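Both complexes below contain chain A, partnered by chain B and then by chain C.
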Partner chain A sequence: MSKVFQISLGILAAIGGFVDIGDIVFSATAGATLGYQLIWAVLVGAVGIMIYSEMCGRVAAVAKRPVFDVVRERLGYKVGLTTLCASQFVNAMTCAAEVGGVAIVLRYLFGLPYRPLIAVSLLILLVSVWFLPFEWIERVFGFGGLMLIVFAVAAVKLHPNMGALGHGLIPHIDTPSPLIWFYFVVGILGATVAPYEVYFYSSGGVEDGWVPPHDLKLNKLTSILGYALGTVLSVSIMVVAAELFVPQGIEPGFLGTVALAAQTPLGEVGLILALLGMFFAISGASIDTALSGAYNMAQFFGWEWGKYQKPARAPRFTITWMAFFGLAFLVVISGVDPIFVTELSVVFSVVALPLTYVPILLVAGDKNYMGDHANGRLASTLGWVYLVIILVVSLAAVPLLVLTNMGEG
Partner chain B sequence: MSDRPQLDLVLRVLDQQIVDWAGRRCGNVDDIAIEGDAGGTATVKGLLVGRDATRRRRPRLLAFFAGPTFGDAPEVEVSWSAIEDVTQVVKLKKFATELGLAAGDDKAAKWIGRIPGS
Partner chain C sequence: MTEYRFSKDSESLQSLATEGSVLADGVVDGRTTSAFVRTHAQELASDTEKLASVVASTHPEGGLASKTKQLASLARTAASQLRTLADHPSDPARAAHVRSALANAADAAAKLQKGV
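Let's turn to the complex of A and B:
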């Protein structure tokens, strides 16, 4: 496979894999509630995930270390176990939200009852992970998720107010409820910098056997271009929601409402593409979260792991990702609203972020480990700046969740 | 200062991944067994792997989550002489099964092995 083709595949998979149910829910709700005011927050989050994904990928390529290897080594057993418990709780909740999201999208596509579709979703996901090789999981669900580009087309067709859009790049509060504004900032940052993305990305880098220097370029391009273009999708959803829902006073409490936003300017084709894009993007994220849970457990306890291995060669890893899907199924089948779980999981993921990112930053800057590939001044400065941002946001997350009644006011 | 090569046991050995002779991941270094009297010379006896080896470092509030062995032996001591090299991982001279490591994976493999395509 040519290098250009390989890089293109990586970038395309990253675009589709960037958007999950958390991004869709928070971008659409923030757009419908606050218009363009929080476009800057999506960009701030995107730069954060680019910086930390690039670092994780570099550590995976140079030191052959995935995130939870690094977490345990740098934070020690005690804090490492605390980080593991927090991350697994968030992974399980996120996985439940995504599995529920897949079932909801299938219901919109086929008009069948919701509960049996939860079982169908579970089956699709289990069979996909069991039979598809790692790179095909990335490609099938990453490329499928690209259908969400329909929101970018819809946004253009709606002729958004460019002045207001530009104003959205500058942080400003134009609402009588500043706490709601802060809640959505936390939600958007949390959804964009979701920790499972770096667990999956770094473990994938080790699985793919990345080696410097060639794969460092691939890593940089994938994490910067892929996430940048993925950001376009998130911003497009926000723009479409702002254009269509703000004037009508609609709050997109259902995934279908978000999909309908693509139908208004593009007709039925827009609606179907939006739903299919959501199906692939959310299914991909379900798989990422379940595998991330298995990667974290195996790396923390030292078990054999890897999707490149036959399942029987990494049996406890396999049982763990199956258990994550099983747990997600039980949560969703109990009748809990997946959108509610999504909002909770995003806000709680923010709390787990600092514990995940501190060890990465320490190892990526350690010349003993990374040699010439250790963080330079720019990466180091940006890493620390983002760590402070993440720390502030993580401290504010739960109080804002309570004070704003989950953004309801 | 001695010219002999030095190894930072806490940073480079403790909590590191252990890989057996065949390249199989078979545990993490949960503790280090050191012998010697107070004031005398301390010698590294071996590596400790397993739930019981983490007891002293386990947070009380999360003891429940650190309790299960997941099929592994509660504690295995790997003699220092069984170590081939310490790089990004601790590489062993022997196979995991010879040392009693990764028993949990061996047990779980019997279950997973029954599923078609495993």
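Let's turn to the complex of A and C:
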């Protein structure tokens, strides 16, 4: 059991980061719009986040340096500050989308008015982060999010077309609107390799007190298993959307549409499990983004940080994560649609990706820092290949957002 | 209202009405919860009302005037059915009627789209 608990950081990072509101929306919409055509994109993104998470975890364990510590040193103050601003903007947008998502899911579960539920969501999140130790945040929200496995069960029960599913592993464009295809590729990759996942993961490694060599194996296992699980969930949502929504011409515009996809094959139990899974996953993502915002600030400016510390020992860190939740609350209570914010935040997060991943790749390969644990040839090659992919995707993100009218054509 | 916009709006109405019909189906079979049905039907109704209002306020091109009126009317009907579902989320008899009305609205929207 302790081994299972040990990988809970990876599970929370994957569930909260990989299968957050952005991924749920993008996977369902991509499945409903393009069927199985983009399953390969989820896999490409999954391998990328596994590689970079493993590197971040290794750097955190060996050099005791989380991502923004490395960013400031490698990029210098000015470029580092630009990276910080871009990352914090995306973190704040994502946090707002997630807090709104939690309120939407509570509304589906209890049928109460939306605005008071935004306040309830905020309270749940603040109380959770304030009172729960870091490892219990990982466990409660990571393992609670596992209820999303209901989508894998639903996908199996729908007897998907295995030929089409297999064909989806090979990139191909089978749509009259190639730009829409590219938009969803960028969206899926952006949602899969969102930068806040690595901020949270590497800082979590420091919070969990990882030390080499024992925890390097744990890091590898955690990053691979956690994100493999996230991949299964993400692909499952795409499959149920392809099976149920494509034939009926349904365009998922709400989280409720995605929950309906679990209810159709599995009934009330499927619906409730899907909603509970979304609640924990999206709450986990809210916590990931708020804490990531605080980690980034504290690491960049050299403040005391860490959930393992009492709030009075790290006051600026504590105020920052609370401010992130407060800002998210103000954005959502103003009436902005969280799904709209989600789609924007996913695309804009892609733009911040290279600035986050370049310094990680440089430090993970630096023998002065990492000694014998520096990147080997395989990790280094894969890291550079993915960096090129990330660069291409980040350059294409905003033009595609405009040209496709946010994927609506 | 251009042909392209008309086609897109017809697609949106088909999607909203079909989803509403699937939601109502869950009520008929007792496979859902009333909180979920009430909330999601409200969301769908709100979007369908917005669509009806946007379609009705456009200035149709060429021969689209009559079709645009029909589309706006279909959207209003679908929105009204979705409101009924939201107000009676655990009434299987009403849900059966809503399901059928929404399925008809989706079919009619599809026919209008094909006719353009």
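The rule is short, and it goes like this: the second predicted complex is superposed on the first by the 392 of 409 C-alpha atoms of A that agree within 3 Å, B and C clash if a C-alpha of one lies under 4 Å from a C-alpha of the other, contacts with A are read in each partner's own complex, and residues count from 1 in each chain.
As a convention for this text, a residue touches a chain if its C-beta (ideal position, glycine included) is under 8 Å from a C-beta of that chain, and two chains touch if they have at least 3 such contacts.
Keep in mind that what you see is a predicted model, and the values were worked out from it rather than measured.
After superposition onto chain A, the partners chain B and chain C occupy separate space and fit alongside each other.
After overlaying the two complexes on the shared chain, residue contacts for A:316 are found with chain B alone; chain C is out of touch.
After overlaying the two complexes on the shared chain, residue contacts for A:58 are found with neither chain B nor chain C. Using CA centres, the angle subtended at chain A by chain B and chain C is 140 degrees, rounded to a multiple of 10.
Once chain A of one complex is fitted onto chain A of the other, the partner contacts of A:307 are absent, as it touches neither chain B nor chain C. Of the two partner chains placed by the overlay, only chain C lies in contact with A:248; chain B stays clear of it.
Judged by the touch definition given at the top, the superposed model places A:256 against chain C, while chain B stays out of reach. When chain A is checked against chain B and against chain C, the one touching more of its residues turns out to be B. In the composite built from the two structures, the nearest CA pair linking chain B and chain C is 35 Å apart.
Of the residues of chain A, not a single one touches chain B in one of the two structures and chain C in the other.
Residues 11, 15-18, 24-28, 30, 49, 54, 57-59, 62, 65-66, 70-71, 88, 102, 104-105, 108-109, 111-113, 115, 117-118 of chain B touch chain A in their complex. Per the touch definition, chain C reaches chain A in the complex via residues 8, 11-12, 14-15, 18-19, 22-23, 26, 29-36, 38-40, 43-44, 47, 106, 110. Across the complex, chain A meets chain B through its residues 63-65, 69, 72-73, 76-78, 80-82, 84-85, 130-131, 298-305, 310-316, 318-319. Of all residues in chain A, those touching chain C in their complex are 107-111, 248-251, 253-254, 256-257, 259-260, 263-264, 267-268, 271-272, 275, 408-409.
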